[in-house]
Structures are given as C-alpha cells and as structure tokens.
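Can you read through this structure? Questions will come right after.
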Amino acid sequence: MPPAHPFDFGAIDDDEGDTLHEECGVFGVIGVTDAANFVALGLHALQHRGQEAGGIVTHAPDVGFQSVRRFGYVRDNFTDPETMAMLPGQLGIGHVRYSTAGSKGQTAIRDVQPFFGEFAMGGAAIAHNGNITNANALRRELIERGSIFQSSSDSECIIHLMARSLQKTIPDRMEDALRRVEGAFSIVAMTRTKLIGVRDPLGVRPLVLGRIGDGWALSSETCALDIIGAEFIREIEPGEMIVITDKGIESTYPFRPKRPRFCIFEHVYFSRPDSILGGRSVYETREAIGRELAKEAPVEADLVCPVPDSGTPAAIGFSLESGIPYAMGIIRNQYMGRTFIEPTEQIRNMGVRLKLNVNRALIRGKRVILVDDSVVRGTTSRKIKEMILDAGAREVHFRIASPPTAWPCFYGVDTPQREKLLAATMSEEEMRDHLQVDSLRFISLDGLYRAVGESRGRDASAPQYCDACFSGEYPVEPADMVEQGFRPKTAAE
Amino acid sequence: MPPAHPFDFGAIDDDEGDTLHEECGVFGVIGVTDAANFVALGLHALQHRGQEAGGIVTHAPDVGFQSVRRFGYVRDNFTDPETMAMLPGQLGIGHVRYSTAGSKGQTAIRDVQPFFGEFAMGGAAIAHNGNITNANALRRELIERGSIFQSSSDSECIIHLMARSLQKTIPDRMEDALRRVEGAFSIVAMTRTKLIGVRDPLGVRPLVLGRIGDGWALSSETCALDIIGAEFIREIEPGEMIVITDKGIESTYPFRPKRPRFCIFEHVYFSRPDSILGGRSVYETREAIGRELAKEAPVEADLVCPVPDSGTPAAIGFSLESGIPYAMGIIRNQYMGRTFIEPTEQIRNMGVRLKLNVNRALIRGKRVILVDDSVVRGTTSRKIKEMILDAGAREVHFRIASPPTAWPCFYGVDTPQREKLLAATMSEEEMRDHLQVDSLRFISLDGLYRAVGESRGRDASAPQYCDACFSGEYPVEPADMVEQGFRPKTAAE
Amino acid sequence: MPPAHPFDFGAIDDDEGDTLHEECGVFGVIGVTDAANFVALGLHALQHRGQEAGGIVTHAPDVGFQSVRRFGYVRDNFTDPETMAMLPGQLGIGHVRYSTAGSKGQTAIRDVQPFFGEFAMGGAAIAHNGNITNANALRRELIERGSIFQSSSDSECIIHLMARSLQKTIPDRMEDALRRVEGAFSIVAMTRTKLIGVRDPLGVRPLVLGRIGDGWALSSETCALDIIGAEFIREIEPGEMIVITDKGIESTYPFRPKRPRFCIFEHVYFSRPDSILGGRSVYETREAIGRELAKEAPVEADLVCPVPDSGTPAAIGFSLESGIPYAMGIIRNQYMGRTFIEPTEQIRNMGVRLKLNVNRALIRGKRVILVDDSVVRGTTSRKIKEMILDAGAREVHFRIASPPTAWPCFYGVDTPQREKLLAATMSEEEMRDHLQVDSLRFISLDGLYRAVGESRGRDASAPQYCDACFSGEYPVEPADMVEQGFRPKTAAE
Amino acid sequence: MPPAHPFDFGAIDDDEGDTLHEECGVFGVIGVTDAANFVALGLHALQHRGQEAGGIVTHAPDVGFQSVRRFGYVRDNFTDPETMAMLPGQLGIGHVRYSTAGSKGQTAIRDVQPFFGEFAMGGAAIAHNGNITNANALRRELIERGSIFQSSSDSECIIHLMARSLQKTIPDRMEDALRRVEGAFSIVAMTRTKLIGVRDPLGVRPLVLGRIGDGWALSSETCALDIIGAEFIREIEPGEMIVITDKGIESTYPFRPKRPRFCIFEHVYFSRPDSILGGRSVYETREAIGRELAKEAPVEADLVCPVPDSGTPAAIGFSLESGIPYAMGIIRNQYMGRTFIEPTEQIRNMGVRLKLNVNRALIRGKRVILVDDSVVRGTTSRKIKEMILDAGAREVHFRIASPPTAWPCFYGVDTPQREKLLAATMSEEEMRDHLQVDSLRFISLDGLYRAVGESRGRDASAPQYCDACFSGEYPVEPADMVEQGFRPKTAAE
C-alpha cells in the first residue's frame, strides 16, 4: 500500500491520525473523445480528497463498460498508454478514495470505486462521495433477500437497491435507491449513454458542473475543471439530480426538500485553495478566516508563520490584518518518508522532522505566531511547538483557523473516535496548558461563519452549514453509529 | 526510471529543461550506532540536490564495506529494514545525484555514487559534489596506463588517481589525486576507520561539519544536520581537508591557496531555504533579494505572487518592501504527473497545468507581480503568463530574483547549452517582448551581491563569488568543454 | 500475465492452442493447524490443472474469512510468510484455474476463485471444477431478479442461487442451487465450520477424499494428497455430497441418480501420471494405452520416441509391447520462452525449438516411431515431424494415444472451436497426408476403453465414460452453446 | 534472487547443495542481423549451465558497445522488445552464470558477465567459462599496481591483465593476459569488429563453432547451435584461439601445448543430452554408461526407474542391457517451490516432495532399481529411498552412473568442500549402510572411460580426461585453494 502523500495544502502528520481526511473525490465527463484521459486529469486534481486508491469506468459501444481500479496515485495508475487504451469511449466516471479509520490497511481492491452493476436494462457505474448513515441496516436487509455484497463499502448498498428496484430506467432506479438512503451523498454515475449527478437534500458534499467543448463534466471541485480547461457553469443544487445525454441536461429534484447544510469544513481545510465555493476562491475565504482570527485574538509578536501547507492562507490573512510580518518559519520537505528507521540515538520528534524543519536562523530569539487550520489530537501541534522552542524562539502563540473540533464527522470524513479529539476532553485553557504554549486561540464559530460570508454569523436556530464537528449538532441522525454505541450530544452539553 | 519529484522550493517544469539542477548532495557520519540510518535521513534532507539516484556505503569490522546504490528516492530505497540491515556499522557515507544533461536517461547504476576502490592498504569509498573540468584528459591518460573505467562519471578519475598514487595512506593518496584534478569538488569519503571531507580551494560547492552525540557528520547543507538532530559546528573551509577518526579531527590545507569563490546561485536557488549559509538562513537571503528587487524595480500593482515554490521567499521580501499585498495567485499540485496522456481536445499549457493552477477567482481583474527565481529557457515563464492572463489578470509584471542567466555552469550544475539560454541571445527588453508581459526586470548583479551581504556590491576586479552563469567569468578554465568547442566569453563581450 | 509453464507431462505448444487444457483444480482441508499451508501445497501439486491464477480462502474464529486470489503460480503467490499469515485457521479451500479460450487474456482478478458470499446465516466460499452448461440462462434470470454479478465466471451462478435459496443451512442452500445447475461440477466449499465436497451425478470431473492426522482433505487428484502426506481414502461418488465437520463426515446423495460418465480424457492426458484413478496409477493406464496401440497399429522401426512429456508413458508401453527400443529422440527445454524475438534470419519452427530439440546424433538414419497423447490442431505434430526429418530420420511414424479429437468439450476443458480441430474436418488418411508422415495411427475408441480397464471395450448403448470429444455424444445437452449456434452431432454423423 | 529452476536433465535438490553445478555457459555470434536475438536464444539453450544471472553485450557502429546484465532467466530478461532494442548490432556475446558456493546469495550484479573494458585502442568484452586457479595472486599483484577491481569474480583478472599489456591489438593483449592465467578457460570475447574464441591448453571446458548463414557462432554446447538453426562445424581445439571477422577465421595456438584433459563429468551430467561431444550425442554416451553399469553391477529386480531427470538416459541403458522393464517410478513436478512454508504437522521429506512424487500404485510390492547420475552429499538419495519404501517397494537398489565423487572441482564447477562429499569419508560399503538400501553400486572409473569411448579404459599414466573429482589427480595445481588450506591427494591415498 503506498504511503499517503499529503497535498500541498494537506496534512503533515497523518500517520498518527492527527488530521481529518476527506474520504472521496468524484469526477465524470461525457461527450469528449477519450473520456478516460479527462477523468484521469480530473482525478489528479482531486487527489487531495483521497490518496489511497482510485478507479475509472468508461463505456464505448463496441467494448461495453471497462473498469480499472487500483491502489495508489492517479499519476502512477492512469498515465501509461496501455492502461488508458483499456478505457475507450466518450463517457467515463472516476473516483479517488481515502480509507476510513475503521478499515485502514484492510481495504481490498474490491472496496475501490466506481462500483458497477449489470441490470436487466443494462449496466451502470456509480462513484459516491459522502457516507450513508443507515448502511448497516440496509445491508442486513439486502443480504436477507439474497444480495451478495462484494465490498465492505457502504456505497455498495446503492447498487443493490438499484438492482431490486422495479423501475424501468436506471435514473429512476437510482432515485428509488437514494430515497432509501440516509446521510450525505454527492454521486456521479453513468449508464451506456448518460452521465448522472446527484446531491443529497442537505448538500453536505460539493458537486459542480462544467462545460468542455460540446461535452460536460461533473466534479467534486472546480479545480478539476480548470485542469481540463473546462468552464465552471454552476454547482449542482442540494437535492438535485441531473441526467446528461447527447441531447442535453435534464434536472429534477426527486427528494423531499430540506434546508441546505453544506459542510463548513470544506472551506476550512478539505477543498483546494484554488477551488471556488460560493462564488469565492477557497483561498480568499481562508485568508478572511485569518483576518477574522487576527481581530478576535490579537497578540504582539515578531513573525506570523503558517504550519505548512494548510495554515498558509490563514497566516497570510492574519499578517495582513495585524501588520505583523509573514515569514516561512517552518519549511516542508516534500519528499516525505514516514517509514525511515529511527536511529538508535534519540532523535526528538523524528516523525515530524521528516516532513518539517524549523528555519532556525530565522526563528531564533523571535516571538512567533503559528497559524494552523485545526487541532485534532494535538500531537503534531505539540511537536511543532517543541521544534520551534528548540530553535530558540522566545514566545510561541498558536492561532487556529477553526473552532475546537470536538465531535466526529459521519458524513464522509475520516475522524478519530470522539475520545481521541483533544477538544472533546479539554477546554481551550486546558489545551493551552497541555500544549505548553504562551497562548492558544481558536476562531469562534460565529467568526468562522462571518469569514465564510455570513455577515451576521451563525443562525443558532437554523444553522446555515453543517458544523457538527464543532457544535455536535448532527443534521442527519447517525443511525449506524448510534447502534454501535455512539452517544450524541445531550441537551445539557 | 522514476519521474523527478521537484522539491518544495524546486523546479516546476524540469521535464523541458527549463530549470537549473544541482547535480549532487553528499553526507557522511562517523561514531554513531547504525550509521546508515543517519545517512539515509541526511540524504533525504538533501534530496532536492539530486533526485535521480542515491547510494550509501558503510563499513563494519566483521562484514567489511557494504554498498547499496539505487535509482529513485531515498525514502523509497533506504527505508525498509532488510536493506538497512545490509548496511551495518558506525561509519557511512552517501550520495544523491541528478544526471547531467548529456547522459540523461542513459545513466547506468554503475554511474551512481559513492564509488568504491580496493587499494593495497584497504578500501575507500568517495562521494563527490561538483564537476572535474579536466576529466576527459585525465581519463585518456589513465586508460593509456591500464586503468579500466566502469562508469561514465568524471568522479571515477579520482579513484583511479588514488589507485596509482605512491603514497602510503588513503588520505595521502586522496591529496595526490585531488592535486591532479581541476574544477569544483566537495567530497565526503571514508576508509575502514576514517571519515574524510575535502573542499576545492575555491570552495565552489558547500560542505559543513556537525556534531551528533560523540560522533561527527559532514553534509552539503545544514538542513541535513537538523533532521538527525546534529549541531552545526562550522563550514569546511575552501581548500581544507579534514580527517575524522575516533581520536578526533585533523585539519590540513593541502592545495595551493586561492581566493574563495562560493557559488552565488546556491543562495538564489539550489540550497534549501532552511539551510544556513554564511551565518544566515538561505530564506532570509532570498527575502533580502526580494526586497532589493523591489527597490531596484518597483511597479504599481495589486498583488505580489510567487511562482511556487522557488519564488516564494523573494516574493515575500518584495511584498514587505513594497507594501503590496502578498498572495498565492498560483497553486501548486504536489501530486505531479508529467506523463498524463494529453486528451485529443486542445488543452493549452497542459504540462504546466499538471503542476500549477491559477487561483482564478483571486486573480481576475488584478495587476499582478510574479516573482520567480530565474529565467532559463523562458518556456515556463511564458506559459505561466498565459495562464494568468486567461484567468483575467489586468497586468502581468515579472520580477526575477537573479540576473539574466547567460552562461552555462561547468562546476556541478546541469545547465542547457549556451544557445538554449534565453538571456544568451536576448536583451532584457527583447525578453520582455518575447514573453509578452507588461514588464520584466531582473535583479542587478550588484544588487544580488548586496542582498547576499556584500554591502558594496560586486568587486569587479576580484569577485567574491563564482557568478560565471551571469557574468561569463569562469574562475577555473573549463578545459574539457573548450576542447569540445565551447567558446568562452571574449574581452569584447 | 505469467507465461504458462506446462507440467512435465503437460503441453508443448499451448501458445498456439494446440493442446487441450483442464480448466481447474480444487483442494480443501479441515482440522489441521495452519490449513492455508496445506492448501498451498495441494494446489502446487494440482498446478497442471490450471496455471493462470489461484486463490485460497480460510476461516479462523477471530478474523473470520480471509481470501487471497492472484494471477500466477502457487509457488510464487502462496509461499511468503506475510501472505500466509493473512490466511489463518484450521479450515481452508483453494482453486487453480486456466482461462477458457473465450476470455483468454481478459480474465480479471474477480474471475479468480474461490468465490465468497455472505448469507444471512453466515459466509461461504466455493471452488468449482467443471462447467455449467446452462449458465447463461441462469445468469439472465438472476439479474432479472436483482442479483449483481461480479465476474464473468459461470461458477458465480451457484453463489447467487444459494443467496436466494429459502433453506436454512448452507449445505441445504448448496443442494438447492446445484439442482438448478446443469453440466459438470466437482466442488469444494466451506463455511465457518464445514468443509463440503460435491460431485455432479455423472461424476465427469474427479474428486477424492484423504485423511491427514485428525483432519480431512478433498482434492481433484491423489497426487495432492501425497504432497501433504495425507492418506488416500476414496473417491467422492458421482452425485454424492459430503459435509465434514469436527464431528465427522456426513454423506448424502441429493441429486437424481444417473449412470456415471467419468471423463476418459483424464486418463489420457489431464491427470498427473502419479495420481490414482480407478485403483490404478494413471501412469500404468497410459502405459497400457501404449501397449494397446502397439497391438492395434504395429510398424517396423528402430526407435520408439515420446513427444515429451505427455507422450512418455504411452511410448514406454509401446516399446515394451513391440520390443523396439525406447529412446529420448526429442529433448525438452524446461526453461520455456515463447516470447523470444524471432531473429530476422529465417529460423524454421522457431516456436517449437524453444521447447524441444531433436537429439540429432541419435536420430540420424533411423526409422522413428513418435508417440503423442493426442492431435488437436495438428500444428505441433507437423513441426515436430519436420524437425525429425531435418535431423536425418529415415522414416517417421506417428502413433497417437487417443482417438481423433473431433468434438469440443463443454464440461470444463478448454478446446478450440470445432472447425479448428483437425479431426473434425479430415479422415485419418487425410491427416496422414496433411502431416506428411510415413504412417499415422490413432488408438481405437474400443482400444482406449480396453486400456482403461473395460475389457469388453465401449458399450455403445450406454458408454461407461464421457467420450464426447471423440464420439460427439454429449451426456448433458450443452444448452448455452447450442443457443450460441453450436451444432451437435446429427444421427447421420 | 530467483529460485533456480533445474533443467529437465538437471538437479533435483540443489537448495541443499546436493548437486554439482556447472558454473557458466558462453555464446557469441557475428555477421547476423540483430545479433542479440541470436545470443538470447543461444543462452536460453545453455540455461542449464548457469541459472542465476545472464548478460549480453553487443556492438553497433553508431551506438558503440551496449550491455545488459541481469539476475534471473534468459527467458525473463532478454525477450521484451524494449530490452532487445537496447542491444543493436551484428556482433554480440553472452554469458549465463551460476554463483559459486562461496559467494552464493552475495553475488552483486557487478559479478555478472560479460565483463567490459575500455582500452586505448578500443573496447572489448569477454565471457568466461571455467575457473582461474591463480586468481588470488594475480588480483593482489594487479591491485598493488593500481588496478581497481569492480567484482569478486576471478574472470575480471583477465580484463585488467589485458589493460596493462603492451601489445597493440586486443587479440594480442588477450594472449598476453591468458599466458599469465592458470586453470580452465573457454572464452568468448568481442571487440568492435571481431568475435574471439579461446580454449585453455587442456581443453577442460567445451567450446564449439557453428555456421549461421554468412555468420558464425561460438557456443559452449551444440544444443545452442540447434536452437538458432546453425550448423555445427567443429570443436575449438584445446589451446586454440580463433579470431572471426567479416574477412573470415584465423586460428592460432598461442599457448605451450599440453595433452588435452576434457572434463569427463560433462559427459555424465553437465552437458545437455542433445548436445554432441566427441562425435556422439551425450544421450547415447549416458545410455552406454547405463549399459556398462548393468554389466558391472547386475541385480535381479522388477523395475528400473530413473531419478528424474538426470538419471533417465542411464536408466534406459540399464533397462536395455538388463532386460528389466523401464518405468517412471518417480514423477517430477516441474513447478518447483522450495520455499513453501512447512505445515506444523510433520511432513517427512518436505523438500523433496515439492519436486518429486513416487508413483505409489506402480511401486507397491516391487523390487526397484534406482539409477542416478551421481552421489554428492547423499542427502537426496536418502530421502528418495525413504519415499520409495514408504510407497511399499520391496527392495531398493541404487545404481550410480559415475564413480564416487570424492574430490572437489576447481575448474569451473560448484562443488561442496571436500569433507561434505559423502565419498570423501566413506567406502562404497559404508555409503550403502548410510543410505540403508539393499544395494548400492557405482560405475568403475574404467567402466566410465569405456562408456565414453575409451575401449581400453583409463590410461593411469596419462589419463585421457580430467577426472579429478573422482581420482583426486588435478591436472593443474589449484594454487589459490592450496594457499587457503586445501590438502591435495598424497601419494598414499
């Protein structure tokens, strides 16, 4: 299994589970010659959403559906001419995935999407970003009726529900299936002639539409439209299903409408800074978060340094707002190497050193503000602080571009169990003591809402975003997890 | 052959030869348990100096010398316990290399260092950073006398000269050999009991000494001392040879003294920003270059954006000096992918898109200053300019953190032939027209000298650095190249 | 895809489809520590029955079912400790397969058995040797009802039929499923606690029972019992199902009884010569075929030479009966190499030369009898004849240890389409002319029956064996093939 | 390192060192288009002489010398078009090697031949079969003078001696070099325009000349001429050097003449049975050995069985002479698999079982004569005997087709140290008791000489062959080994 290579704006210490991971990215295209090449490029641009494995399915009239699914990077698996020649056709979809905490290291290739099913009226392939919160119950019911599951993925339920639907067309069967499903889903699917995109009624995960020549593309993020030179048209709406053929696009809203609750963490961390969300680049939003943070939690210091790379835009914002010079006090080694053998002599913070090095000559004697995107378990923050102090910094002030992460996500993000989250067991004060820094401040939930464009902050009675990881308020009951013993927030908390 | 993965502060488009590459990094350690693990970590930190191949040699009394040399990254080749168990001992050296332009793609594993020779008094291994400018003549002479060359590397001459020396000890033989050699060399070598470091009298390439527990380390850069937790002691002096045993360090100066001419491009580009050169972090020097550039070539604009990642520190300096906000207008995809199959539809600037994406929402309508480290062939600069304009920028101003690169390097850097260098055939004005940008300015040679700490600028009668790539003044006659037809600068130029 | 390495007594020219291939071998064991190691050894001994891919499934209480399925040889895939540690437990089954002509080169790993299904009452894995002749119809029906097929294998039908059965136990569901299935099957299956063996009512494919310590083994052939040191107990009877648990063995006969029709070609070619069939070693049967052939078709000659290796036992028998000395006139190169690049100069019979070489000094001037097991397309026979004549043989007489192969097999053997079979379009006389040999004789069908122990020869009204490949009399209607246009033998033929 | 796949007529248990191994095979060709393809085929036919690694060197005017050297089989390394395209030209040589006992498992790729050296007058490559008995002394002398050795191979001395020769042409330098060398050598070498073959004055190892179209081939054995369709012309004479160019062949005899002493074991075991030695096929010689053995050591029995595959021709001869029926009582599994994990339950003779299985049904109750080529350590013989008895044989009689192997070979064969040879420490009687068989007989040394064609047996005063492994009479003093403590036979022995 290949080591996960974090994206530029990705994680620094994911081997210890100290980062949240988006689980998936989806991409599809129709109406272009050699669709697989476009899908490969799109997935490459979405690699930060899932680094463990990827797959592409295409369809061409003479050879039917073709599928290649592999562990590892898109750049390694979908670039050689031999492989790409196995994926002919003008229509294709793809998926990149990150394994969830539970199955890490056990993922079989059969868990890698897109999934394919042969139905009486023809085949269909689907790629799913999100998480089905009632998958266990659905699976039990389907096995009882004679379905044979091939994977441990919750997404496979959708294919089996479709196989058992009494509808006549694949889009109709997909509607049928998705009405039984609870949770978050942004889906890209295909039949022999159709490219299909669907988003759950809350619209938790992103999905966008682009135009490429006479064809169309669907993607988790706009950055994947850029790489293929497609024009960004619009976001698929929460609860919308669109079916694209060579005749054009049909849009329907098959689900009971709900108030949308887009994942606010996509702004903070998951999406690429060059993607556009809500009409603004994610980079700008993050810079705004940094500015907001500088207003909420100012401190006197000599330098503002990002924890690279994910803290960079917020650190720039903090510097611009505060007037304190921005500097790269921590340098990131892009070559990775988490599995080096630790020399017998004691090397402190070995794991972090492989990826980060403090700019010692720069830091010495300075009061340093470190800006990071979030604190999950706190292990990395602690090591970074030590490295900074070892290098001779006079003061270390942490500023975090998100509120305390106190609750796990059940909608398609890989989070540790609740008791492993630092903020689940400590107050901000206690965390500061635990990390032994001169000060530690998180942006407020209201501040975050303001930075993402809600000028009046969070509407507590009807929050505009899904912020369950901060607030503990889950817009969809996580049924499977409750069955497994998860205790949701009580009124008292 | 693995694709080259540029370092964070490395190249963006090296597949087209539009970047200069340091050819080698060297590292050695003595007096530590499991020396190979330290060497592996050190080479990992030096990977930006050579990404094509790497090797480690160790010595342990019971098994003698052991060697592992492989194509690919240190993190891939020197991390599994099986390989590392093949390299026991408390003494070891290593090398990472980048192939030179001439032999690109033809490098055999036998060209990968360290080289090893068995002499009458025992074995020795050497790792060489630099380039021997009279290697062809030496090779002819040695073959005439019966030496059998195994590699196409100029460094092998040193081993054969040592084999034929009449001296009694290996350090003495090495002195003998190096007195015959012209050009640039920073060497780390080892015998059964000694770790040896040498630097040519001009001191063109860096070499530093560090203390680790009771042992010692030699490294091309200080960043590799940091990763193993070693203390940076001092630079090896130009013309100095040090021999380290368990008894301590002996220092001698075996060569005829010359005025030192350290490579000024190490400051501009080659060295890692967190390394220390001349008592200052390379990052700070680059920031100072950016400030100097802002003074020399100011322009009104809305944003200062680096060409990532190598332009970043100078862009920050430019922003700090000019007061124009710093922003990440170009986002880098760390996952690479130069070999994707180009879709049949026309995608403009496909190669660049795989690595860079413009932050479209941020750039639109703005006057943008792009700061890059250097212009080599100019192909990448042109593509980046187009992407920025496509994204809707109003004006594009290039500011380059080095003077025009008009001459090839023959001292250990991989440069294109002179006629391929944009600045060899065009004036600054012509280059601006060629790139079709609103303005283009390079830092002056004097400005660069000031930024690296020479407050009075360049001493034209006795330049403080090797700046042949800018000035055409070669401190050592490139004999082999002249023999092959290279025409040095004439008095008139 | 790995090259097929024919077994000692296997094929010589399978790249041109001039040999028949058994499609599968199955093996299972219960009640032994580390069952997977035994299964690996058993499959290794059965490798001649399927060289393309293999899989093993085991069950252990703490980890549940585990499965490893791979392309390539057992010796390459199931020998490293890491893989075997993934397959813990005292109960396991395995499968080796050869792809059928149709899907050659397209086999996906998902077509590799054993297949696994999770049912309401727990999981089960099955490994199938044979061929289901109504698989297409079954598959259509199952898809119509909502089953999702994952492979292109006919064997997957069995798992889906089991999933839909209303029975309460897995053996009962398997009975239900197999009653719907037509064709040939010898199956080894397992649940969490049971090892199951079944043979179709005709008993076309072999399946034997062995005792190993306190445990039991099921195997396609007895040679796989020998390798693990198990004692051969008995053959599973046609139509018998046995269920083995730690309580012992239960035997039932769930199908409507039929007169058994064991595959006579297992005696001629498929089974290993050291396996026991019908109480006698296959080697002895083949020697008897050679003796019978010498009686039926004597000829004066100097040497009897086998076409190695499959013709060896019959050639020995021919020599013993005729008194003509046995000699190795053709030597086999075990190192293979079908894909060498043909030199530009003309090399005659290049393909055959890579595997066979004529013992020129021995053959020169001699009258040679060549004994081969069968003639399929005749291409190899022709090349061998030419090599023998090139070496200076005076006469060449072919003697074939089976009757003319004039009909394809639909019961688990990979045969060319009927029109490619030499004997489908030519009489014995015409074949002799086609091959340009001095004489060509096949054993008679009655002679073959006598050699396998039926002293009165073939009972034309109720043949004792399945001999469809010779006689065109198919004991089970090949429904799928007829639907696809296969024309069975008419009364007139 | 790939497992050794014994040739058909090769070893059965080489993992335990219970077989003698030829160390090398050499092949060269000139005057044919795409010479490398011919060399690859030739080496494939010689794979039984060296299975660990192989290399090919070619020369073409435009690209010069090209070399590919790899571990593993010829069929795996020299068949893909990409590799072969790296080896253009009409002139090429190749080598297959087996590592010697000493360096087993430590062989580096740099020990793989052909070796190449660049001399003042141009390059040359050489491939060597044999062993230099004064290599250690030569190596010391050469290092003293400044030569750098790259391998641990004794053959590298030749290249360094050539580099230091004062002669003007490469053939002259090779003569110079070989006059300093003691021991056995059959060499194929090449310059830019010449193919060179040399055999030491004793002619210990074979070397033959063949005609292919307008070109020529040199090979260790004639079987490699057959595979490329070349005509066998003659053996290179002991002490002869031939130089082939496009002008023709020049033959000289540069060494002091000696009475030839060809290796008699080439007849017994090393050479392929279809090769021609001394005008007769090796197969016929081995059959004659079997006949001689039947005369010398008759015994009443029911079956004569070979230990496959190397005992096969002698067993056939024994059967023909004695009239006792020949039968394949032991079946060989060609799929190998020495590294299977031994199941925890006791499996007797696990190692042997992976390769051999007794034909139990055939052997039961019989008196069996087992014919093997030689007894080295005796471990395999003992295991085979046990398997035969387990299967129910009534009596077991071993007949060995060579005299007792009591002395190691120093002329290019990998033998265990003397004390590991069963015959070095036991009489024939003691060996019989040690193996616990009903009888054990070796052919006499005179009988062996008769079988290879010396009708009057061995000439004790001037033996016609090198039989040092049987007689302890070494035709060339093994200087290096004596220096390392080997005690040659004393007059008393």
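Assorted remarks:
Residue numbering begins at 1 within each chain, and the chains themselves are lettered A, B, C and D in the order written.
We take it that a residue touches a chain if its C-beta (ideal position, glycine included) is under 8 Å from a C-beta of that chain, and two chains touch if they have at least 3 such contacts.
The structure presented is a predicted model; accordingly, all values stated were derived computationally and were not measured.
Taking each chain's centre as the mean of its C-alpha atoms, the one that lies farthest from the centre of chain C is B. Inter-chain centre distance (chain A to chain B, centres taken as mean C-alpha positions): 37 Å. Separation between the centroids of chain A and chain D, computed from CA atoms only, is 62 Å.
Chain centres here are Cα means. That of chain B falls 51 Å from that of chain D. Chain B and chain C have Cα centroids separated by 62 Å. Shared interface positions of chain A, defined as residues touching 2 or more other chains, are absent. Interface note: chains touch in the pairs A-B, A-C, B-D, C-D.
Here chain B touches chain A in the complex through residues 5-10, 32-34, 37-38, 40-41, 44-45, 47-48, 73-75, 78-81, 84, 212-213, 223, 226-229, 272-274, 276, 279-281, 283-284, 287, 312-313, 316, 320, 325-328, 331-337, 339-348, 353-354, 357-362, going by the rule given at the top. Those residues of chain C lying in contact with chain A across their complex are 109-110, 117-120, 143-150, 159-160, 163-164.
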